[in-house]
Amino acid sequence: MKFSFTELIHRITDRKSWLESAGMFLGATVVGLLFGAIVIWSSNKSPIVAYTALFSGAFGSLYGFTEVLMSTTPLLLAGLSVAFAFHCGLFNIGAEGQLMLGGLAAGWAGYAIQGLPWYLHLPLALLCGVAAGALWSLIAGALKAWKGIHEVISTIMLNYIAFNIGDYMVSSNGPLKAAGIIPATPYVLNTARLLPIIPNTRFSGGIFIALVMAVLMGYVLWHTRLGYRIRAVGKSPSAAEYAGIPPRQTMLLAMAISGGLAGLAGAVQVLGLSYRFSSTFSPGYGFDAIAIALLGSLHPFGIVLASLLFGILHAGSVKMQQTAGVSNDIIYAISGIIIFFVALRGVLVNFQSRFSHKNATAKVQK
Amino acid sequence: MKKTPFVLSILLVFSLVLAACSAAATPAATAIPTQPAAATTVVANDAATSAPATTSSSKLVFVMVTDQNGLGDQGFNDLSWSGMQKAGKDLNADTKIVESSEEAQYVPNLTTAANDKASLVVGVGSLLTDALEQVAKANPNTNFALIDSSVDATNVRSVVFRQQEGSFLGGVIAGLTTKTNKVGAVGGMEIPVVVSWISGFEAGVKAVNPKATVMVTYAGSFGDPAKGKEIATTEYDQGADVIFEVAGGTGVGAWQAASEHGKGVYIFGSDTCKYSLAPDNALPDVVKNVDTAIYDTAKDVANGSFAGGQQSLGLKENGVGLCDKTYQALPDSVKTIVEKAKQLIIDGTLVPPTTKDELDKFTSPDLSK
Amino acid sequence: MELSICMQGIVKSFPGVLANDHIDLQVARGEVHGLLGENGAGKTTLMNILSGMYRPDEGQIELFGKPVRFESPKDALAKGIGMVYQHFMLIPTFTVAENLTLGAEITRGGFLDRSKSESMVKELSKKYGLAIEPSAKVQYISVGAQQRVEILKVLYRGAQIIILDEPTAVLTPQETEDLYQTVNALRKAGHTIIFISHKLNEVLRFTDRVTVLRAGKVVGTRVTSETTAEELASLMVGRSVSLHVKKLPREVDAEMLKVENLKALDARRLPALRGVSFNVHAGEIVGIAGVEGNGQTQLVEALTGLIRTTGGTIRLDGEDITHFPTSERFCRGIAHIPEDRHRRGLILDFSLAENSILGYPDRISLRSGFRLDMKSIRKFCAKLMAAFDVRAPSPDVMAGGLSGGNQQKLVLAREFSRCPKLLIAAQPTRGLDVGATEFIHNSLLAERKRGAAILLLSLELSEIMDLSDRILVFYEGKIVGECLRETTNEDEIGLLMTGGRHEVLIH
């Protein structure tokens, strides 16, 4: 008897058609919202008022919609990060830690490097974030490739180290701490900022960076030799080995790209929204990203939709609290139920196959 | 600082179900999801319609915005909200609360509150400082209050507490109570407010018990009870018999550790009376009367006498103090010394330290005489 | 003729497949009845109905003249029908006696009565002449002995009719011989046996009568002594097939592969190859015979660079490739049909097109560099599929959806398409039916004619005998014999395969 995250994830995400993926997405979302409605109703509030507020908060104004996109951006990048690693058979739970260090590196580069024009400074700061995330994930990748240490274990541990590095850097006596009350670095220079591109909003256009990454990821995975190798290792390491694809190097590369995407998520958030690194800038984007990757069936397009859904829930919850008096804890409950049903499906698929294809599986084993 | 990776626990449960079912021929296990984060009941009056607050004929609207730690901390945030609700009731005003789910939401949450024509927007917690300053300057006609930190703007009332005065008294009690001469402190994040709490505490311990050592540990979060429990357990294991927690939701875990440790160890906390969390182990908590401060501010708004500027509340103003119920249970010998210290602080003879540097330079007058 | 089983008009359909289409089957009491058919002909479905696993959509079953309905395998067993599956259902860490009595334990006062159950097992094994040690742990006994435990298990539960599902698939030639004795003993004791197989020679040898299925229907029942392998094969396949490949005499050409004193370790880091030396010439098929687990797998992996060698050299066409990575060896002209096409040869979740470039990503996209030119890959795959008669709707379907024969044809098509200098074919027909096997054998011979050097590994001795020009016998990581096909026979090879001490392995 053996349990395996990877097997479960394959069960959740291996599906036959677009229709089935879309069905799972919609089904889980509807069930999540219905469940949320029951909870709201049971605390003597009107679900209709609450959801109306939620969606009018998200779509009722230009400002609201730009806020949705701002919430979506880090979730999308982190979701791509987790999904990319999955395609190589790696479960990168460390996205949160990589994102943290990506934000830290970008925040540092944003204020500490001075005298560059924006067209050099901004890409450099973003790149610092990518590099920090990639290097951090490579530790887990190397441990997996050469020591066989499961990446789930090592990335969880590396997360804690990353959080503590982040905390330390901006703690009272930390080396990067800015003057003032908030545990944060100094503000990044204007030349390193992704500034608002729509007046009177905070909309920085970071979403476009994320969307480009989504398209790029789809292209790399399914239309390049690199992607072919990564997916081959992910689907069947032994077949990849047979075919002369070096599994270790491929895993390392996939892990680095995954970490780089997570680092980019942190960098975009720091350079495009808070304009400085603080140890609490991420509420757990890297963990939500796991749910988003699964809900999106690991496909970039699915992940765009899934992160948008989460973005709507996050951004709309403000209005929901204010006008309907419904706690934003309900948002966590809804997202929890969504991922619960996504995961449940993985187990149900298992039962189904056990009962109807018993004979067929026996044949295959032969 | 981080929410438990909830997704992960669900996946783990299902992986185990999967494993169990592939091992046994019959499916047996059914997983029931655990409900995420204790659902806090958020009470608000009928809030579907919000009215402009500037006209005196219509209802006032008070909005409270928290940092991502939110309600349910048994402390600071819960207490603030209760003060706000009392004000709403007494002054016939609508009250609303917005809990931020992430740092990036501070600005939009405060902005939305201001745009909704709130009569008063209260930011609770020093983490909101920069966001509140930005929003207050963009909305000069809205009244703001900031608790635990200060912002220089005419439409912002900054309420800061001299918590080190209260925690000094707590330190005195701890120093007199410890038998092992080891006391512990659990801090949430290492931010100036928490540092001043703990500096005052350490000074109090040293003032009455120079032999005692103080172990200080920061959890890095106000919302991680598991971490709080871990830290407190470690400190007890290292010989501490009194712990002071300044850690919000994280501190709840420290109380659990004390309660599980049983008699013989003590704990007390910050902000509110928390003895019910571990009645056998409780020493008087150092209370910070945030509720009163918020209530008074709301009343000023209602009376039209609201003004910006800084308000500093300490022992003298009854802004901080000790939890009365557990204080009365202390032996008289301890109470005498505490009262003496309190008097010296109110007189201004004794100034408890607020930072590590001040603590190093601090020398206490003799309290035993 | 007294009937023990009479099945009439059995229909069973699965979504999209009519697995059994009005099947009639009559089995006499005390006979060994063969059930012959290609993979997917409906043999196993029919037997699963007979053993209570499935319920038929239509049709009746009579047992010793009385109509019956089975609610479950347990129910069927209680009524006298026991099935021995190809994949044993034994607990490796339990003893033979414990496995046998599991679910029907012999107890005394609520406790297991070990000595009584062991003596019972001894008695049972004596009665039927099935040699077995009751107190041995299952994990330490041979595959043949495990099969005997499975047979005893159903006998212990009182089965009168025993269904053997492809019983020889996992056995060595000597173990097959033992099984023959066992089956005869059971027949003498009055049991009825249904023998499922797709191997003609075994059906001819073991059975009294044989029923042939094709595409879910009965195409004929024959008395075994009155039929021939050719007749059965054409019934099975639906056209006439040649069972023995016609081989032209060998034209030995240059030495293509030279292996000297090769050493390697297995996964547990124990020596698996203990100094192996041989060569293969262009235009020659060298067969490697041996019981599974004697180093053949490691030989293939060492030759293809999948494991590191600990000594010796490998030369391909004169060049030392001992330390080349796998991809480099492919470039130098090695092709590899792996023994496990599901684990190594194909990626089941990849499309046929994607699988058609497995191992050769460079050849299709060389001009486009970084990019994978899916359009020309699809075209390439379609060409392979046409050339090797891979039956699938399009190059875009997943490899996992294909039948075993079609999967293997795709692997072959891919490996042959590069005109390799050295072709390593490991168990190329494992689990395939007569039609696909014939096709693959002919393809290998065509490659030989073209001038490829071919190294053939197989656990089927008949396959080695049919195809090879020279035969090397592996035993415990060494070559213990080298024979020319013309001057050897199955008995000699079989003896060498067991190290000349086969009585040790059998019992």
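To keep things simple, chains are lettered A, B and C as they appear, and every chain counts its residues starting from 1.
The criterion applied here is as follows: contacts are C-beta pairs under 8 Å (C-beta built on N, C-alpha and C of every residue); 3 or more make two chains touch, one makes a residue touch a chain.
What you see is a predicted model; the values in this text were computed from it and never measured.
Taking the mean of C-alpha positions as each chain's centre, the chain lying farthest from the centre of subunit B is C. The greater number of contacting C-beta pairs, out of the two interfaces A-C and A-B, is seen for A-B.
Ranked by how close its C-alpha mean sits to the mean of all protein C-alpha atoms, the top chain is A. The distance from the centre of subunit B to the centre of subunit C, with each centre set as the mean of the Cα atoms, comes to 71 Å.
Centroids of subunit A and subunit C (each the mean of its C-alpha atoms) stand 46 Å apart.
Per-chain Cα centroids separate subunit A from subunit B by 31 Å.
By the touch criterion stated above, subunit A contacts subunit B in their complex at residues 1-5, 7-9, 11, 39, 43, 49, 67, 70-71, 93, 96, 159, 163-164, 167, 171-172, 180-183, 202, 269, 273-274, 278-284, 287-288, 290-291, 314-315, 317-319, 321-333, 336-337, 339-340, 343-344, 346-347, 350-351, 354. Those residues of subunit B lying in contact with subunit A across their complex are 1-3, 5-8, 10-23, 27, 31, 33, 35-45, 47-48, 50, 63, 68, 70-71, 96-99, 101-105, 107-109, 112-113, 116, 126-127, 129-130, 149, 189-193, 195, 218, 220, 356.
Only residues 14, 39, 44-45, 48, 53, 85-87, 169, 304-306, 325-330, 336, 338, 342-350, 354, 357-362, 365, 370-372, 374, 431 of subunit C touch subunit A when the two sit together in their complex. On the side of subunit A, the complex with subunit C involves touching residues 14, 222-229, 231-232, 235-236, 238-246, 356, 358-359, 362-366.
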